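Two complexes come next, and they have one chain in common, subunit A, joined by subunit B in the first and subunit C in the second.
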Partner chain A sequence: MKDRIIGGYDNFVLPFMAGVIFLGAYLLIGFVRILYNIPSGDRKKLLISLITPKTILKNIRDIICDCLIHVKIFKRKALLGYMHASIAFGWFMLILLGHIEVALFVPERNGILYYPVFYRYFVAEQHHTIRGGFFFFLMDFFLLMVLSGITLAIIKRFRSIIFGMKRTTKPSLADRIGLYALWSIFPLRLLAEGFTAGISGGGFLTNSIHYVFASFFGNDLNILPTWWAYSIALGLFFFAMPFSRYMHIVTETVLILFRNAGLKVTKPRKGFAEAEIYSCPGCGLCIDACPMNVLKKNVKYSSVYFIRFLRRHNTRKINEIAQKCLMCGKCSSICPVSIDSCGIRQAQRETITNILPYDYGFLKKPGLYPVPQPDCSTDPGKEKVLYFAGCMTHLTPAIIKAMTGIFDAAGTDYYFADENGGLCCGRPLMLAGKTRAAREVIEANTKMIMDSGCNTMILNCPICLKIFREEYSLKGIRILHHSEYIEELIQKKRINVKKNNMSYVYHDPCELGRGCGIYEPPRNIIKMLGELKKAGKERKESICCGGSLGSITLNYHDRNKITEDSLDSLIINNPENIVTACPLCYKTFGNMAEIPVMDLAQAVNKNIIKNKQI
Partner chain B sequence: MKHANKNIVIIGGGPCGMEAAYRLKNEGMNVILVEKGPSLGGHLACWDRLFPESIKADDLLDILKNNISDVNCFLNTEIIKMNLRNDAYDIELSNGITVLARAVLFATGFDIFPAEKKEEYGYGIYNKVITNKDLEQYFKTGKDERIPANPKNIGFIHCVGSRDEKIGNRQCSKVCCATAVKQACEIKERFPDANVYSFYMDLRMFGRHYEDLYYKAQHECGVRFIRGRVSEISENKEGKLIVKAEDTLMGKPIKITMDLVVLMAGMKNSEAGIKTAGQLAVLRDDDGFFNSEDSFYNLEKSAYRGIFFAGTCLGPKTIPETINEARSAVLSIKEYVESFAND
Partner chain C sequence: MIDFGYTLNPSSRINLDNFDRNKFEKLSKSEPDVLLCIGCGSCTASCTAGKYTDTSLRKAILSILDCNEKAAVDFAASCLLCGKCTLVCPRSINTRNLLLSITKIYGKKQ
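What follows is the complex of A and B.
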């Protein structure tokens, strides 16, 4: 192997180099901007994470799994996963091997950016060596891999359903330029290397191309134009990248570093959010995921378009989508890049209006919502339960009745904190972007709860649960959802339930499942009551009931359509009852379901064996 | 000449069906009245008195019943099958009889909104929550264990299942405002020492003399009208009800302890009527009520030849309106039947 071109340069590398320099500059400026815009505490966190061995390992693992192999997509749909992985991993290997080749065979060209890319043009084969043959094979192998991915990508553009996607993203202009450039890069590379294979050698693929085309053209005049075309395609792609979805190829790695450092969205368009926005690959998996998209007209509110408008700074559209969203979190949970689009929406809502026409000064008045102290005179190890039903559960008194029934059967010594009215937990305010008001409510509630001296707090409503776990600091108090508490009561044999011959399907409430990660306790309980049937979409893919507090502007007609869709998914295996663990889901389904809907507490209370002691 | 088919099937034996049966019979039609329940009268038979003049519901019912003493009435009977055949409907009834009817009149009426669906008001959960229909039953029979002997505070809650998108009923049920005011006066007469509250959104006193009734409720009976929706009701340890609402005129939340709460459950299209009409794929509007051919000039006609509507299956209305509609449907049916005789 040795240099074929004296000086190691040809004009055709110019488009490529221009693209690389443009992209590099863009990325550098963007990165500095993001660093500048994240809070200084976060910058420190990031720095520490970059030198902590544990996070370093996690970073490496995540980058390989998410950026190169696309494990998350593989788990959803293998073919779609292969499509992404073949392009990403294959391309990565081509670049890596190119550099290795340069380092091994023409070490004096190390550091020249275009050399590994156009290696076959600049370097001529002298004689076959095992090493050279090995690389020829590998390069062709990975090129074939990328080409197979590109073929799938082209098929996907026309028949996405083969890849398990009902709807895909409508590409923007920059996306289209990037897309067509990407499609042409690798076939052009194949041709360029194929034409040059007579001079610089080639593997099973490039050599074959050479033999076929040599008999056609019989001369080498087509070599240079194809290298030009290849370089132009690359340059075009790099120029389109910052304005298209392909930016995620580089930004995703940055996002992984940020996320593993524990950073969160603080502003809707700057700092961490910007890293997320530019990491959106625009794959459109969120379109099928969004419960609103049961109606085609709502597709425009999907996360992928939300992020596109954020990129374009289109405030009117951004606000419209931010307020429409149900905040069910399904798009984030299936997002291959795990973009917290609900977090961005919430931050955006804060910018719309954080001011209320009234203040919460009255909360400071002592004794407004008195929560007397549970008895502290008994031994400190004893369970002192504070039961907080929450506003939503007060609209569904049947759940409260069932809960008190369970408490009585278990002999729980509980205090009903909001029996005569309580204070909002703050989550609805938070979701609406009224963070300042939410903080005041949280402060007042925290004081009341700490004053009560309880050590266990039981909540019915997952909406409350999420904020109590995430935003409150209630040291020494166990915060339990009633599903967790009931499971504990059954395990400790404090209550006994009888199994009946009914069948149940469980609906995962958004805030309980995706919000708090509680999937198993309700299912474990239901299995003790009767047969648990599967829903069409469940656990992290469960469909919002449509009643979500998260949306500010969605109308009831659309909500009802979502409810119907969610119910269809639940009754797919003909269960006799629908069980949920959220008062809001219970209420929403109750209005429309044709089979009985009940809260977990009701299902348990109905099947409890009372007065067991003889 | 063809034998003239003058069979008319009327579905529903409420005020509308009864009045239509009587008038059609007078026009020389052969009327078959089909009622799913065990007796005639529909919701009218459950009511004690009618607004605004508080006439006895039974008096009106007697008139309607006497009019049709010689009409074929099938009680406890439902429509099993209905098929169009040669400009007539082949109708199979659950009692085994088959009728070839020239025309069919849907007088299927309404269902009272199931108040238990509005769970925050606790109907079926709390002992002291009743509906407007329960109260009429009480007025009629004097018996209801839920109603205490000496209630101190009694609350009426308007628009339960009406004008409520959340529950899926956006329409105004129209008659409950006047019913609530009438019932508030009546309960005040029965329990003169009680405080009677009425929680309303708007009071729609649209009919003649309704405003007088409202005036009487305020000035003679001392009913306290509070503009604002009730958010929730809870029960305290003594079994009393705590009603939480917002007084929108005062601009502040209120909380009142009640001994009895009456929910003014609204109207929705009758499930049985919807089921029967479903066999003909009769179209319904978003509010669940049937669609007429047009809503100005041909209210009583459906999109199908020979199928007619009257009464509350076309939307909430008062009894006088229902009776008028029954009569107008009779005219249309007569014209329709005679159009065949001229062939």
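What follows is the complex of A and C.
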């Protein structure tokens, strides 16, 4: 290989260079802005994480798995995964190999940005070497890989159902420019390299193209125009990138660094959230995932559109979408970039509701909760249980009855904190963005719990569970959902259950499953009671019951449709009973299901073997 | 004051001239369900905050219709957004958004 063009320059590189310089400047400014907007504590965290060997390894692994190979999409849909991986990984390899080629064969051109990209134009092959042939093969191989990905992408645009996607995103104008530029970059590169293959040499692909075209196009005249076109397509792509979904190519790596450093959303539009917003490739997987989208009119509230409006600073739309969402977390759990869109929504809601007037003076008054009997036992290992039913459970007394039945059967000595009514846990306030108000409620509850002297706290409601685990600081107190506690009771043989010949399906409540990661305990218990049937969508992909307190503006009619959809998925294998582990799901399903719905506590209490001595 | 053994009720006169149509239209746009309320009081009966205060969605709605905006905000001010009222409301009113909208439209920002 030898430099062919004197000076190693031709005017056609200009569009490409302009694009690169524009993009570089844009990225630099964006990155500084994000750093400026994250709290200083977080900046320190980030710095430390960047020099800790463990997080460095994790960063590298995540960047390779998520940004290049797209493992998460592969796991979901292999064909879609291949489409993303072939473009990302193939392109990455083309860039990398381009640089290696320059370093090996024309080292004097090292460091010139455009040189590796247009390498084939600038060099002439003098004689075939095995080493050169090896690179020819690799370059053509990866080019073919990218081209196959692009072909799939074009098919997807027109027939997304082949990829298992019912709905796909509507591209914006910048997306379209980026899209068409991206589609044309690689075919143009193939043509350009094909036309030039007579001079620069080529691999199995470019050489074949060269011979085919030589017969009716005549190659030499086409060399420059195709290189121009290739450069323009690249430049156009870089110019469109900051305004389109393709920004994720760079931002995602930054997001991975931030996330592995343990950063969280603090402002809805700035800092960490901005990194998240620009990391969304608009893949549209969240559209089919969202429970609201059983109604077509709700598609506009999907995370992908929420993020798009955030980018455009369209406050009216942002607020509308932020308040509609059920905060069920399904979109985040299946999102290939794991964008915490619920966190951004919550931060956005704060900007609307945190300034509203409220009056919680009553929290300061005595008599909020009855004063518990002082426990005189000095045995530090003794289990002292505080049972907090929560607002929702108070609307479903059957659950409370079943729960106390289980306590009695197990001989648990418990203090029923809100037997005659108590405060809310604060999670609904938090979800609605009234964080200031929520903190006051948390403080009042914390005082009650710490004063009670308990060491175990049992909750029926997953909504409570999540906030008690995440926002309360209750040192030395185990916070358990009743499913975990019942499983423990059975394991320790404090209660015994009998198996019957009923079949059950289990509904994963959003806040319990995706919210707190509790999937197994309820299932283990149900398996001891009878046959556990599978639901259509379960665990991470379970469909919200429709009752979620997360949504502020979703109306009854829309919620009903979600409930129907969720029920359809539950009864797909004809179970005889529906079991859930959340009073709100229980109540929502109970109104509409045609087969019995029960809470886990009820199912257990019904099948408990009572001690004969009592 | 001397205790005469009886009290005078404050005037319950309703001055419809004080009804702010614009605000009410804003409210019914923000939460159309406000028009569905039949004043049954289920929401108040089940209210979590109502155990400690006189929080009442029913009274808040009535106060707006009675042209007493301040009272309406007071009846909503201690709401914990717990959602019990949504579940018991026979008209399936989206009560939480209604409560938030009332404070948003009739209350002063803090």
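The definition used in the following text is that the second predicted complex is superposed on the first by the 601 of 614 C-alpha atoms of A that agree within 3 Å, B and C clash if a C-alpha of one lies under 4 Å from a C-alpha of the other, contacts with A are read in each partner's own complex, and residues count from 1 in each chain.
Definition applied: contacts are C-beta pairs under 8 Å (C-beta built on N, C-alpha and C of every residue); 3 or more make two chains touch, one makes a residue touch a chain.
The structure displayed is predicted, hence computed values, not measured ones.
**Q** Clash or fit: subunit B and subunit C on subunit A?
**A** Result for subunit B and subunit C: clash.
**Q** A:366 contacts which: subunit B (first), subunit C (second), both, neither?
**A** neither
**Q** Quick check on the superposed pair: does A:395 touch subunit B, subunit C, both, or neither? Answer first, second, both or neither.
**A** Touch status of A:395: both partners.
**Q** Which of the two partners, first being subunit B and second being subunit C, lies in contact with A:421: first, second, both, or neither?
**A** Both partners, subunit B and subunit C.
**Q** According to the stated criteria, A:590 is in contact with first (subunit B), second (subunit C), both, or neither; which is it?
**A** In the superposition, A:590 touches subunit B alone.
**Q** A:107 contacts which: subunit B (first), subunit C (second), both, neither?
**A** Neither partner.
**Q** Residues of subunit A touched: more by subunit B or subunit C?
**A** C
**Q** Using the touch definition from the top, say if A:41 reaches subunit B (first), subunit C (second), both or neither.
**A** A:41 sits against neither subunit B nor subunit C.
**Q** Touch check for A:556: first (subunit B), second (subunit C), both, or neither?
**A** both
**Q** Can you tell which stretch of subunit C bumps into subunit B once we superpose, 7-15, 25-33 or 43-51?
**A** After superposing on chain A, the clashing stretch of subunit C is 43-51.
**Q** Which subunit A residues lie in the overlap of the subunit B contact set and the subunit C contact set?
**A** Comparing the two interfaces on subunit A, one with subunit B and one with subunit C, the shared residues are 394-395, 421, 556, 587.
**Q** If we count contacts the way the header does, which residues on subunit A are in touch with subunit C in the complex?
**A** 323, 352-353, 355-362, 365, 368, 391-392, 394-395, 421-424, 426, 428-429, 432, 434, 441, 547, 549, 552-556, 584, 587
**Q** Touching residues of subunit C toward subunit A in the complex: what are they?
**A** Where subunit C meets subunit A, its residues are 31, 33, 46, 48-49, 51-53, 73-74, 77-84, 87-88, 92-94, 96-97, 100, 103-104, 107-110.
**Q** Could you pull out which subunit A residues touch subunit B in their complex?
**A** It is residues 394-398, 401, 419-421, 556, 560, 587, 590-592 of subunit A that touch subunit B.
**Q** For a test of understanding, state which residues of subunit B touch subunit A in their complex under the given definition.
**A** Those residues of subunit B that touch subunit A are 117, 119-120, 122, 125-126, 165-168, 231-236, 242, 244, 255.
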